[in-house]
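So that we are looking at the same thing, I have put the structure below in structure tokens.
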Amino acid sequence: MTKDSIKKALEAMMFIWGEPLSHKVAAEVMNQDKDLVYECLLELKEEYEKESRGIRIREINKAFQFVTSKDMASYIDRLCTPVKRRKLSQAALEVLAIIAYKQPVTKGEIDSIRGIKSDRVMEGLLARELIKEAGRTNGIGRPILYGTTEEFLKNMGLGSIKELPEIDDIENSIHIEEGIIRDPGQMELSLETEEEISDKDHE
Amino acid sequence: MSYKVKMESFEGPFDLLVYLISNAEMNIYDIEVSLILDQYLDYMTGLEELDVAVATEFMVLAATLIEIKAKMLIPGNLESDFEGDFEDPRKELVQKIMEYKRFKSASFLVAQRFSDNDSIYEKPQEDISVYLDNPEEFLKMDTTSFINAFNSFLLKKQRIEEMKREYQRIERDRHTVEERILYINSIFDFAKVDKLPFMKLLASKNRYDTAVTFVSILEMVRDHRADALQDEPFGEITVKKLSGEEREERIRRERINRGENHDKGQH
Amino acid sequence: MTKDSIKKALEAMMFIWGEPLSHKVAAEVMNQDKDLVYECLLELKEEYEKESRGIRIREINKAFQFVTSKDMASYIDRLCTPVKRRKLSQAALEVLAIIAYKQPVTKGEIDSIRGIKSDRVMEGLLARELIKEAGRTNGIGRPILYGTTEEFLKNMGLGSIKELPEIDDIENSIHIEEGIIRDPGQMELSLETEEEISDKDHE
């Protein structure tokens, strides 16, 4: 099979599959080398982006799926009035951030960082499949460890958890203004403000 | 207080603490604990409206703050020119606050990215139910299982061959009991005597040869070809070869004995 | 809106809609002239065909929908059809291994190595195209020689028979020994009964 015909087959398979299609599965179906198939998928992804098409290819853990381009959201909204995803509460975002950066992590550790119990918040995150159980520690009572899911990566627009930005970079790039973070509804605005909570400069 | 903030809007005690510190424009590494504690306790008056579990969490931190304040009141504790192992009682708290702040920042990044990607849509899988009832047969084979299967076959085959060799050897050995009797007879013939110590009859001194020789002599005794004499337990065994006449005499006597026994049994 | 951006929006809308999307509905969503939109849809359809992509656009009564290209049917079949994995029996694996390592080899030699007749097993392997006839010897009766097939290599994930992993002392281990097959009494002791290719193992 030429690279070109592999790419065509990949288009068809991704379209039918809907869910992210693993490069290994695709390679097996076509009876081709999986590294070659992965290469083709990456190229195809780039082609769609370069041509700035209405549909794009998203990579999650070496699995690929067709999705709509961000810019098309307004048309889709008007066409389908899709169900708006419920926004996460600030508590949920905190827990999610802790799990994302410290995974695998126990509920005890999360509680300790936040200084408050996170049980209900975690139930919600589990129900939305943003976090999952990821084994147990060997410690007393063998507490459950938690990690993030593929659904989390999708929502973050990340190809893999390795692409998560360094936490120190965030602190430098994100400015938190007091009054606004209190109100979860205005959270998106809060990111543009200037005042900083960090007192590092005083050191 | 510069402006009013509802207790409910704080995610937890650390969240409140971080707010108070930054609102007071304090250096996080040099918190004025008594001032912050007063403000913190002020806010805690609003806790009555919160559920008990949450209130407890806030009180734990309040207790920590009180403890730190007390420690700091001990004279000399805060003299920076003091040489030696000086431990700032605020150190642990500051570390915890810094860690909390890091993740708080990260939570804003998560929020931002989530809202960015909210405008990307995926479509459901096409209907593939027609395929599902009709699974394709597929031969499951890989090098590892292939080699494992073959190695276990080789092992089995090896065991069988060992067993077979054993079997053949036993057969061969059985054969040699008769051979050994011939050999023993030839030794008596050669020595031209009718009595020989058992040890003299061995072809070699290994355990196997000893056993075969012993079994052969037992066979000869049973067959009235020889007598085995032993003066004391574990003593030397002397083998006496019986002549043809002696053997016939023994056989005759045995028949009579058997006949008498037979008659007794009849009556 | 330029024609180009209309086309992009149409791609995204058709992708999400799934069912045939009427040019009128699409025109309404974009607030564009319906004839212009229809023209764009026709052009888009042609573009996909000209580039012979894996996904195409199908028109039904001036409504348009993404579908997979006809040529891709076999990949779709393979992707969507769940696989029932069959495992070879131990007997079949033994015979296959002997043939793989000693090929070309006669049935007599195989029987002699295994200490049991392998007729049924070999029929199964021939039917599955894992082994094939590979000429005849010059010996008495000119017995048929057997070898492995390309199908075997494919199943094993080997590029050529030379890539077969080495087995230590293979020659010593599978030498053909005279006596073994002679004593039928011993055979029951030594070898399990022959099995057909079993499909016990469904995954």
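Per-chain residue numbering starts at 1, and chain names A, B and C are given in the order in which the chains are listed.
Criterion: a contact is a pair of C-beta atoms (placed from the backbone, for glycine too) under 8 Å apart; a residue touches a chain by one contact, two chains touch by 3 or more.
Quick caveat, the model's predicted, so the values are computed rather than measured.
Novice: Hey, which chain ends up farthest from chain A, C-alpha centres compared?
Specialist: With centres defined by C-alpha atoms, farthest from chain A sits B.
Novice: When contacts are scored as defined above, which chain pair ends up with more C-beta pairs, B-C or A-B?
Specialist: Counting C-beta pairs in contact for B-C and A-B gives the edge to A-B.
Novice: Centroid of chain A to centroid of chain C, CA atoms only: how many Å?
Specialist: Chain A and chain C have C-alpha centres separated by 34 Å.
Novice: I'd like the Å distance between the centres of chain A and chain B, where a centre is the mean of that chain's Cα atoms.
Specialist: So the centroids are 39 Å from each other.
Novice: Can you tell me which residues of chain C touch two or more of the remaining chains?
Specialist: Residues 12, 15-16, 78, 80 of chain C touch two or more partner chains.
Novice: Indicate the residues of chain B shared as contacts by at least two other chains.
Specialist: 121, 123-124, 128
Novice: Which of the residues in chain A end up touching chain B in this complex?
Specialist: 15-19, 56, 58, 65-70, 72-73, 76, 82, 85, 87-88, 90-91, 93-94, 96-98, 100-101, 113-117, 154-158, 165, 167-168, 170-171, 174, 176, 178-179, 181-183, 187-188, 190-191, 197-199, 202-203
Novice: Considering only the defined contacts, which chain B positions touch chain A in the complex?
Specialist: Touching chain A from chain B are residues 3, 5-6, 9-15, 18-19, 21-23, 26-30, 53-54, 57, 60-61, 96, 99-126, 128.
Novice: Considering only the defined contacts, which chain A positions touch chain C in the complex?
Specialist: Touching chain C from chain A are residues 7-13, 15-17, 25-26, 29-31, 52-55, 66, 68-69, 71-72, 75-76, 78-80.
Novice: Using the touch rule from the top, collect the residues of chain B that touch chain C in their complex.
Specialist: Those residues of chain B that touch chain C are 121, 123-124, 128, 131-132, 134-143, 145-147, 149-154, 156-158, 160-161, 163-164, 167.
Novice: Inside the complex, what are the residues of chain C that reach chain B?
Specialist: 12, 15-16, 18, 77-78, 80-88, 90, 93-94, 96-97, 113-115, 128, 130, 155-158, 164-165, 167, 173-174, 177, 179-180, 186, 189-191, 199, 201, 203
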